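Given below, in the form of structure tokens, are the structures.
Presented sequentially are two complexes of chain A, the first with chain B as partner and the second with chain C.
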Partner chain A sequence: MLSNFGITVSIISLLLTTSILYLSYYDLKSSGNNVSKKIYKFAFFQIVFTFLGFITLIVAYVISDFSLINVYENSHTTKPLFYKISGTWGNHEGSLLLWINILVLFSFLFLILNKNKNKNFKLYTLIFQNLLISAFLIFLLTNSNPFSLLYPIPTEGMGLNPILQDPALAIHPPLLYIGFVGSSIYFSIALAALISKVDSKSLALTIKPWVSVSWTFQTLGILVGSIWAYYELGWGGFWFWDPVENSSLMPWFLMTALLHSVLVLERRIGLYSWVIILSILTFTMSVVGTFLVRSGILNSVHTFANDPSRGLFILSFLALMVFSSIFIFFKYAPDDNKNYKIFSKESFILANNWFMIFFLAVVLIGTLYPVFLDTLTGQKISVGPPYYNFILAPFLLPLLFLMTLGPKHKWISSDMIGIFNIALFISVILFIIIFLSIKDSSILMLLILLFSTYLITQTIFDFYEKFKNKNINLSRIISHFGFGMLIFSISLNQIYSVEKSFNARIGDEKNFQNYTIKFNNLETFSKNNFKSVKGYFEIIDNKNTTSQNLTPEIRVYNQPEIITYEASINTRFFSDTYLTMSNISNSDIFNIKFQKKPFMNFIWFSVLLISIGGILQFLRFEKKI
Partner chain B sequence: MRKKYLVIIYSISIFVFFVLYLSLGKNKVYTTQDNIGKKIAEVQLNYFDIDGEFNTKEISNFKFTLLNFWASWCGPCRKEHKYLVELSKNSNLKIVGVNFKDEKKNALKFLNEMGNPFSILTKDPEGKKSVNFGIYGIPETILINNELKILKKYVGPINSKDVKEIEKIINK
Partner chain C sequence: MLNIKTKNRLLIFLSIFALTIILTIFLFKTLRNNVLYFYSPSEVSKTDEKAFKNNIRLGGMVKPGSVETDDNEIKFIVTDYKKEIIVTYRGTVPALFEEGKGVVAEGKLKDKNFFLAKRILAKHDENYMPPEIQESLKQNAK
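Moving on to the complex of A and B:
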């Protein structure tokens, strides 16, 4: 029953989408300054029906309706309600439905929130957005239907991969989707602006709130994904340069560049074409990421089932999207004229863009190079952290420096601002204190520490100054402060991390550096959907004679049958203690991995600060309107 | 001018899409089975308990060579060991062992208990040299002829069926 209902609702959504396309196209030719009332009505029904489709799937998951293949393959009756619901988007088909819902939501919001904009501009935006919606709906209905029937109906489902049964991962996809699917709206806006020849200022004002919103959600989505990987995968790190992580980072670089260049566009006309290119690229990169993840051409922790027909559809769609947007761009883009001086805010904001594009290129090459090499020469390689760290780290120095000084410059002006100020003085003193307490580290790492300290202190000074003058732009200050903190914490984390892996039996005691680790006991127990072996460890820090108890687990889930290694993490304000254990088959020996991870809380908190900046920018903008 | 850019960008995009299209049909599961028929990598391996190095080029001196990667901590190695001992009795075959990421005293204990089938025993304490042979877990066993060509590759413990297969090849 739910299957038929879901399919019907999706078909109605598709019909409504094509109707909107048809109506918008005809409304372009009509006289009058307002978008036809009919379009509003259709858009309203479009969002109602699309949303209904999504609710139908959620209901199917909640009541465990295994007549749907999708529910059968990804759910189980014994699963807690929360994970039944989040299981809806924990698979390819369901997440595609969520993706479509966000496309429609943004299309609808754009329509009702921009009542006073140029009519043709709005209509073209609707046309492009609804073209995207219809392409994804066709993909859903023909290739990846979450409502497909299964007969005979099984009594029990196959279960959700246990590593996905985690609160962080339940909210990670929706956050990330609002981020990169949200970028579709400024993709559509950009193309529409070109065709309907909208001026720079209205383009800037129209896309700015969407950029802030999608950027904020993208940042939060990446943060939550990273926290999940840290707690759940048991590798003890927060970023692995996994191809799929990279796929979420690449649109983020572009969104960050866009967030900055829109500020320039709002005041000057110089960057019109550039902002258009960035808007097009951001969504394109989001679809590229989707292609890489869903087609199965990359091996990664994000194991969507491998299906070449799926990849082919996304690839064809992507090609069509890229070729037509390049064509539209070349046909309609105006010639830009630059009118700003070197030491102006514009130049510094543009410098940000150059860095973001560089970072993007590095990550893109690192992600795609192995795919290209394998396809063209048959050679298999993998590109890992050493490549990224080696290439990206040195460029953090000038980036941090420009982030410190750039915002202090005025628009258009050409006076260079002195770099010797109290903030620099204080940060050098702070740095010397840190330097003296570090035993050994590379010069690059030390310089990064110095520059990030400078950025942190300077933003604090900026905050104080602006606060005094009551002319405060908190969004920039908080985000830049957050970024400074992030780089600072990551550097200290790298320098002070301790890692040791060893084999041990119950009763063994290991000593190294200042730590003693005792393997005290082992316990097995059964829970509803898994069996567990829990190790009891005592970790003694001999330097300040504190001890903590950690209990890593090995879980054997029964539906589906999967072994997971649950890290035991003791989080303190300054430092995390991290312990994982894995069994060595046919023996009573366990492999133990101990890690001391300083400043993890600071890393998470800094990213949160960065995203708060995005929220504040959005709110500030809303107040202005 | 614009047209020129358009052509360049279109050409690059077409190339990228074409490669991505080709990559869709590729098998993404990592295997080393395509090494069969190729020459064995030239690698210097340290001897297990004497100074000096064994160069895999020296394999050409023997009619057939079985290169076996093992460790005392590896359960499946224990399981396959009796088959190696059985094969070591065949005069057409030399078995070269690579003791993988192991401690010497444990490895010696293992050989004392289970017997020593290796004509030549080398070690790879960090597991780095084994990478050159495409080893990604142990045990793995590679059968090589005197032209240094890889004839067979067994991932995981060998069994009685594999022993028969190997014997068939070397007794020809």
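Moving on to the complex of A and C:
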């Protein structure tokens, strides 16, 4: 029953979407200064029905309706309610439905929040957005229908992989999708602005809040995914340069570039075409990311059940989207006028954009090169983290430096600002203290530490000045401070990480460097849906004779039958202690991996700060209107 | 003749072009040095030993009954049903590591029969088989 209802509701959404397209097209020619009331009504019903479809699927998960293949494959009656609900978007079909819901939500919000904009501009935006919606609805109904029936109806579902039953991973997809799909609205706005010849200022003001929102969510989504990987995957890293991770980072670079160049556009100093190109690219990159993740052409540690036909659809859609946007761009793009000098804020923002595009190119090449090589020569390769670290690290130096200086310059023209100031002086002193306490490290690492210290101190000074001068942009200060902190903490994390792998029996004691690890005891117990073997370890730091107890686990889940190794992490303010344990040959010998991960808290917190900057930027904008 | 504006534009365009080329060359050079090639045990036995100076990825099935753990390390045999390679590894294995299932090990070859793994790769899905392994197994079945 739910299946029929879900499919009917989705078909109604598709019909409503096509009606909106039809009505908008005819409304373009009508006189009148306002968008026809009818369109508002249809848009309202469109969001109601689309949302109803999503609710239907959630209900199917909650009541465990196994007549739906999707529910059968991804759920189980004994699963906690929270994970039944989050299981809805934990799979391809369900997440596509979520994707469509966000597309419709943004379309609706755009319509009702921009009452006073140029009529044709709004209508064109609506047309482009609804073209996207209908394409994805068709994809949902023909290829990836979450409401497909299964007969005979099984009595029990296959369950959700326990590694995915996690609060962080429950909110990770919605956050990331608001980021990814949020970029659709400025894709539509950009194309509409070209056709209806909207001026720079109103284009900038229209897309700015959407860019801030999607950028903030994208940042948070990446953060949550990274935290999950850190404690659930058990290798103790927070970024792996894995193709799936890269797919979320690439749109982020473009959003960051856009977030900055919109500021220039807002002051009518140029970059009109560039902002349009970036808007188009961002959504394109989001769809590329989805394609890479869902089509299965990538060899990744994250694995999704794959199906080549999905990839084919997304790829054809992508090709169509890119070619039509290029066509629209070349047909309507106006000439840009530039009238600013080299030492001006605009130049620095442009420099930011160059860096973001460069980072994007590096990550894109690293991600796609294995795919191309495989298709062309059949040779299987993978690109390791050293490639990214080796190329990106040196470019952090100029980026950090420009981030420090850029914001101090004025718009249009300004004198070269002296780089020798108190902030630099203080950061050099701080750096010398850090330098003396680090025994051995590469010059590059030290330089990165110096430049990030400079950025941090400079932004603290800016923050102080903010109290005297209300015009300074707080969101910029917080985000830049967060970025400085992030690079600083990652560098120290790299330098000070300790790792040791060994095998041990109960009662064994291992000594290395300053640490003693005692394997004290082993206990088995069983819980609702898993059995567990828990190891009791004592870790003694011989330097300051503190000890901590860690209890890594080996869990055997019953639905589905899966073994997981639960890392035990003891988080202290400056450093995490990380212990994982595994056993493969059913012997009494266990494989142990001990890690000391300094500054993990600081890494998470800095990314949070970066995203708070995005929220502030959005609020600041709201206040102005 | 070109006027100043066009000349400037040309100059900017050319310098950007040159910069892009230099960066691209730099990029691909780094890329070349940092890729990990994927080998199956049969491919290892066919390949020249000089190629084994770098880290590689070795993929195949964990031979049933071959996993051994002693006080120092884990030892197991990776097979593609034609050739076998002994892998030694120190550390924790991912949860989906099991006898008779697919595995990808990253590390260095000591010789054609002996592999020192630095990392055993994790896969989220219990039914999942890395495409490379699937392909090399398919070829061997012919």
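Note that in this section the second predicted complex is superposed on the first by the 620 of 625 C-alpha atoms of A that agree within 3 Å, B and C clash if a C-alpha of one lies under 4 Å from a C-alpha of the other, contacts with A are read in each partner's own complex, and residues count from 1 in each chain.
Simple rule for what comes next: contacts are C-beta pairs under 8 Å (C-beta built on N, C-alpha and C of every residue); 3 or more make two chains touch, one makes a residue touch a chain.
Keep in mind that this is a model prediction, so the values were computed, not measured.
Participant: So if we stack both complexes on chain A, do chain B and chain C clash, or do they fit?
Facilitator: Partners clash after overlay.
Participant: Answer with first, second, both or neither: which of chain B and chain C does A:592 touch in the superposed model?
Facilitator: It touches chain C, and chain B stays clear.
Participant: On the A-aligned overlay, A:330 touches which partner chain: chain B = first, chain C = second, or both, or neither?
Facilitator: A:330 contacts chain B only, not chain C.
Participant: So, does A:28 touch the first partner chain B, the second partner chain C, both, or neither?
Facilitator: Neither partner.
Participant: Is A:501 touching anything from chain B or chain C once the two structures are fitted on A? First, second, both or neither.
Facilitator: Only chain C is touched by A:501; chain B is not.
Participant: Based on the superposed arrangement, let me know which partner A:375 touches: chain B (first), chain C (second), both, or neither?
Facilitator: Touch partner of A:375: chain B, not chain C.
Participant: More residues of chain A are touched by which chain, chain B or chain C?
Facilitator: C
Participant: After the superposition on A, what does A:584 contact: first (chain B), second (chain C), both or neither?
Facilitator: Both chain B and chain C are touched by A:584.
Participant: Does the superposition put A:315 against chain B (first), chain C (second), both, or neither?
Facilitator: So A:315 only meets chain B here.
Participant: Does the superposition put A:430 against chain B (first), chain C (second), both, or neither?
Facilitator: Once the two structures are laid over each other on A, A:430 reaches no partner at all.
Participant: Once chain A of both complexes is superposed, is A:391 in touch with chain B (first), chain C (second), both, or neither?
Facilitator: It touches chain C, and chain B stays clear.
Participant: So chain A touches chain B in one structure and chain C in the other; where do those two contact lists coincide?
Facilitator: Touching chain B and chain C on chain A: residues 296, 299, 380, 503, 584-585, 587, 589.
Participant: Which residues of chain B touch chain A once you look at their complex with the stated criterion?
Facilitator: Counting only chain B, the residues touching chain A are 2, 5-6, 9-10, 13, 17, 19-26, 28, 30, 73, 75-76, 78.
Participant: Given the complex with chain A, which residues does chain C contribute to the contact?
Facilitator: 23, 26-28, 30-31, 33-38, 55, 57, 67-74, 90-98, 119, 121-126, 128, 130-132
Participant: For chain A, which residues are in contact with chain B within the complex?
Facilitator: Contact set of chain A toward chain B: 291, 295-299, 306, 308, 311-312, 315, 318-319, 322-323, 326-327, 330, 371-372, 374-376, 380, 503, 584-587, 589.
Participant: Quick one: which bits of chain A touch chain C in the complex? Just the residue numbers, please.
Facilitator: My answer: residues 161, 163-164, 233-235, 296, 299, 301-305, 358, 361-362, 365-366, 369-370, 379-384, 386-387, 390-391, 501-503, 505, 560, 562-565, 580-585, 587, 589, 591-593.
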